[in-house]
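Two complexes, one shared chain (subunit A), two partners (subunit B, subunit C).
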Partner chain A sequence: MNFGIEWAKMKRSGFVPAFLAGGALGAFVPVIQMAVRSENDTGFLGKPLEILLEANWSMIAMLNVMLIVAGACMMYHIEYEERGIQKIRTLPTKEWHLTAGKFLILMIASFGALVLETVGLGGCGIYWFEISEDFFTELLKNMGYVMVLTLPTVIIMLMIASWFQNMWISLGIGVLCVFTATMRQTDNGLLSLFPFAMPFQTVYEANVNDLIAAAAEVIAFAMIGWGIEKIRKKTV
Partner chain B sequence: MHFFSILGVEIKKIRRSKILLLLFLPLVILWIPNVLNADMNFQTVIEGISPEHNFFIQSFMGMAWFMMPASFVVCTVLLVQTERANRGILKMLSMPISTAKLCVTKWILLLILAAVQMLFMVGMYFICAEIASSTQNYSFTLPLSFIMEEAGILFVTSIPMIACFWMIAVCIQTPIFSVGIGLALIVPSVLISNTKMWFLYPICYPFYMLIQKYGTLASDGSSQEIPLVPWLAAACIMTGIFIAVSCIRFGREERR
Partner chain C sequence: MNMIETRNLTKSYGDFTAVSELSLHIPKGSVYGFLGPNGAGKSTTMKMFLGLTRPTSGTFKIDGKQYPKDRVAILKEIGSLIEAPAFYGNLTGEENLEIIRKILGLPKSAVDDALEMVGLMQFKKRLAKKYSLGMKQRLGLAGALLGQPPILILDEPTNGLDPVGIHEIRTLIRSLPQKFQCTVLVSSHLLSEIELMADEIGILNHGHLLFEGSLDQLKDGAARRGYPTENLEEMFLALIDEDNQRRGGQR
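After this line comes the complex of A and B, so read on.
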C-alpha cells in the first residue's frame, strides 16, 4: 500500500529514467575503457574480472553513490517542495512507513543500476578476454557483495535528505561525504567502514566481515533515524 | 537597474544560506590527511619532484578533480532553488530588468563563489604548509606569488566549466536530471584529461592544468606543450554558447 504510493509519487520526477541512464552510463564505463586502451589491459596477468574491476570499479562505484545521493535528495525534495509531507503527516499512518517505502524504492533502483553495470562488465569479459568457468559466478558474487555494501549508503543518505528541507543542503552534505569516500585510497583503515566508502569495495577487497559491518550499519542507522524521529515529534 | 545593484541583491539572497561553510568544509577534510601524511612527500623524490611541490600539487589536484566541480553543482542548485522555493523568480521576472542581465548576474555570482573557495584554498594551504613544516622540520611553504599564480590559473580555467553547469541548471527544470547530469559529467573527467581531445571537455580544464604543472615540476620534463590555439578557441566558443543558451532559456519556463 505505502510502497505503491511512494512509487506513484516518483513517477513524474524523472527518478526511474535517471537511474536507468546512470546504470547504462556505468555499464558503458568498462566498454569505453577497454575500447580505448585494450592493448594495455589484456596483456596483464590475472583474472579477467580482477583486471576489469581494478580498472573501472572506482568510477562505477562513484557513479552509483552519486546516483544514490541525487536520488535520495530528489525523493525528499518532492515532499518538501509543495509541503506534501505535511499532508502525509496528518494521515493516520506512521511516518516510518514513508521512510521504509522510500528506502525500498531507492534500494531497488540502485540494484537495477548495479545489474546493468554487471551486464556491462560481463559483456566486456566475453568480448575482450578468454574467460574461464568461474568468471560469471565471481561476477554475480561481486554484484551480490556490492548490493549489500550499498545499503548503508542508501539508508544514511535518505536520513540526511529527510532532515533538511532545502535540497541543496542535503546535496551538499552528500557530495561532501562522497568526496571523503574518495580519499579511501590513502587510508585503508577506518575510512573503509564509512558508509559512503563501502560501495567502492569489490569482491576481491571485501570479505564477510564487511558484509556484517554493512548490515550492522544499516540497523544502527535505522535505529538512530527512528530515535531522532521520536525526539522531533515530541519537540514539535 | 544597474548591474552592480542586481549583483548586490543576488548576494543578499544567499546571505543566510551557509554556502560558505559548504565551500570551506571539504577543504578541511582535504587538508587533514595531507598534513598528517606530510612525511609521504619525501618518498616522491625519485620522480624528481621536490617534497614541497608535491605537497602543494597533490592537495590541489585532490580539490580540482572532484570537489571543485561538485561544489559548483551544489551552488547552482542553491541559486535555482532559492528562487523557486517561494516563487521568488516570478517577482524577479515581473520587474523591468532584462532576463539576460539577471542570468549573467547569477553566473557572475557563481564565479565570485568560486573565487572565494579558491582564496579559502590558498589560505588553508599556507596554514597547513606551516603546520607540516613545523612537524616535519622541513619547509613546505612555497612563495606566495607561485601559489597565487597557480590558483589564478585554476580559477580562470574553471570559468567554462561553471558556465556549463549553469547552463545545465537553467535549461533542465527537473532537479534530478540537472544534478545528475552535473555530477555524472565529473566522473569521466580524469579519463578524458588523458586523451588528446581534452580541450573539448570544459570540466577537466582545471585538472588538466595541474597534470601539466606536475609534469613540469617533475624534473624529467615530460610535459607536452599545451596546444593554446585550439584550446583557447574551443574554451571561448563553448563558454559563449553556454552563456548565450542559458540567457535565452532563463525564465522561459516560468513565463509560459
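After this line comes the complex of A and C, so read on.
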C-alpha cells in the first residue's frame, strides 16, 4: 500500500477543498439551526447533545455521505480521465495497493469533515446550552461511533467508483444510494444496515451489533472487491 | 539469446482472434520493429507482455521469466508506452514521472534524466493536460524510459509528433541499445519508419506472423517471390495484400 503516491495524485483535483468546504458546511448546520430556532430548541427537555443531534444529524449525515460519494468519484475520475490507471497497471505494483491507499485517504478526509462538524456541535452546546461535564465525552463518543459506521460507506463507494470509467454513472448510483438511505428514518430494520444508511445513526442509538455489522461489511466488501478484481484480470 | 520469446501466443475475444499462434523471437540488445496494419494485433501482443490482457493460449518468456508466475518481476524490467500516453491530467509532467519513480523506487535524479532525454525539461512544471499531443507522447516516452529499464515496449511512439520530433525520437530509440544496453520492441504500421530504427522485423497481419528476420532477409525473400524490393512500402503492401487474398479478400 502506498498512501504517499495516492495522496500525490490528488493534487489540484479539488478533493481537499471539497472536504474542507463540506466539513465546514456540516459544522455550520447546527449553528444556523440554533441561530434561527434557539428559543425552541433550548426549551426541550433532555441532554443538550441529544437535542442538537436530533435537530441536525440527518442533514449533517447526508452531507457526509454525499461528500464520500463525491470524493470516491473524484478519486477514480482522475484515474480514468487520461488513463493514468493503465500506466499504473503496467508497473510492478499490485492494484490493491492503489485501492487501499484510496480507502485510507477517503477515510481520513471523511474523518476530517466529522471533526469539523463535531467542533460545530460542541460550539453550539457551549453557546446555547448549559452543558454538563459529560457533554464533551458524549460528543467524542458520537464522533468515534459515526467514524466506525462511516467505513462501510467509504469502501462500497470506492468499489462502485472503480467499476465505472464514466464518473457520472458512479455519481448517479451514489446519489441514488444516499436517497435510499434517507428512507431509514421511517424504517429501523434491515435498511439501517445498508452501508449508506449507517452514518445516519448517532451515539444515542448506539448498538454493539451495528459496530459489528459495520466491521463485517468492511471485510465483506473488501473481499468482494478483491474477488471482482481477480475476475477482471482473468477476463481482460 | 532472446530477451522476449513467445510460443503459439493467442488472444481471442469471443469469435474474433486478435493474435493467432504467434511465435516471436526478440534478440537481446536489438531494436525489434513490430510491423503491421491497424488491427493486426500489435497492441494486443504488447498488452499481453505487460499483463494488461491475458493470453487465451500459448506462453511467453521475458528475460527468462514466465508469465503469469513472474508478472511483477517481468514488469520491473519493462518500460512501456501503449497506445495513447496514459497520465494524470491534474499533475505536471514532473509530478507524473515522480509517481512512476516512487513506484519503481528510483533515485530522484531519474525524473530529470528522463525529461532531459525526451526534451521536456523546460515544460516539466506545466500541467500534463495542457501539453500538446506531441508533448503528451514525449511524456509517455519519458515514463517508459524512467530508470533505463532493460526492456522497452513502445507502441507507435512517434504518433502525434511533428517531423522534427519524429526524427528526434527515432534517433533516440535507435541509440538506446548502445546507451543503456536495452532491448526495444517498437511497433508501427509504417515500414519506412521501422526500417530507420530496427535491426529485426516482425510483420503481423490479422494476428498472424507473416515474417520475422532482418531487413535484408525480408528483401531477399521478397525478391525471390517477385515483390518490388526497391520500394519498401510497396513490398510491405504486397506482402499484406497477398496474405489478405489468401484469407479470402479480408482487409
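By definition in this document, the second predicted complex is superposed on the first by the 235 of 236 C-alpha atoms of A that agree within 3 Å, B and C clash if a C-alpha of one lies under 4 Å from a C-alpha of the other, contacts with A are read in each partner's own complex, and residues count from 1 in each chain.
Everything that follows uses one rule, which is that a contact is a pair of C-beta atoms (placed from the backbone, for glycine too) under 8 Å apart; a residue touches a chain by one contact, two chains touch by 3 or more.
On a predicted model such as this, the values are computed, not experimentally measured, just so you know.
Student: With the two complexes overlaid on their shared chain, look at subunit A and say whether subunit B and subunit C clash or fit.
Tutor: In the arrangement built by aligning on subunit A, the partners subunit C and subunit B fit side by side.
Student: Given the touch rule stated above, what does A:Asn2 touch, subunit B (first), subunit C (second), both, or neither?
Tutor: The answer is second: A:Asn2 touches subunit C but not subunit B.
Student: So, does A:Ser132 touch the first partner subunit B, the second partner subunit C, both, or neither?
Tutor: A:Ser132 contacts neither subunit B nor subunit C.
Student: Subunit A residues in contact: does subunit B have more, or subunit C?
Tutor: Touched residues of subunit A are more numerous for B.
Student: Between subunit B (first) and subunit C (second), which does A:Ile88 come into contact with in this model arrangement: first, second, both, or neither?
Tutor: In the superposition, A:Ile88 contacts subunit C only.
Student: Taking the superposition on A as described, I'd like to know which of subunit B and subunit C A:Asn207 touches: first, second, both or neither.
Tutor: neither
Student: Go through the superposed model and pick first if A:Ser13 touches only subunit B, second if only subunit C, both, or neither.
Tutor: The answer is both, since A:Ser13 touches subunit B and subunit C.
Student: Using only C-alpha centres after the superposition, what angle do subunit B and subunit C make about subunit A, to the nearest 10 degrees?
Tutor: 90
Student: I'd like to know which partner A:Lys233 touches here: subunit B for first, subunit C for second, both or neither.
Tutor: It touches subunit C, and subunit B stays clear.
Student: Report, in whole Å, the shortest distance between any C-alpha atom of subunit B and any C-alpha atom of subunit C after the two complexes are superposed.
Tutor: Taking the overlay as described at the top, subunit B lies 10 Å from subunit C at its nearest C-alpha.
Student: Let me check the overlay on chain A: which residues of subunit A are in contact with subunit B and also with subunit C?
Tutor: Shared contact residues on subunit A (touching subunit B in one complex, subunit C in the other): 13, 81.
Student: Spell out the part of subunit A that touches subunit C in their complex, as residue ranges.
Tutor: 2, 4-5, 8-9, 11-13, 78-79, 81-94, 233-236
Student: Per the contact definition, I'd like the list of subunit A residues that touch subunit B in the complex.
Tutor: So the residues of subunit A touching subunit B come out as 13-15, 18, 21-22, 25, 29, 32-33, 36, 59, 62-63, 66-67, 69-71, 73-74, 77, 81, 166-169, 171-172, 175-176, 178-180, 182-183, 186-187.
Student: Please name which positions on subunit B make contact with subunit A in the complex.
Tutor: 17-18, 22, 25-26, 29-30, 33, 37, 62, 66-67, 70-71, 73-75, 77-78, 81, 85, 174-177, 179-180, 183-184, 187-188, 191, 195
Student: Any idea which subunit C residues touch subunit A in the complex?
Tutor: For subunit C paired with subunit A, touching residues are 50-54, 72-73, 75-76, 78, 80, 82, 84, 86-91, 95-96, 98-100, 102-104, 127-129, 143.
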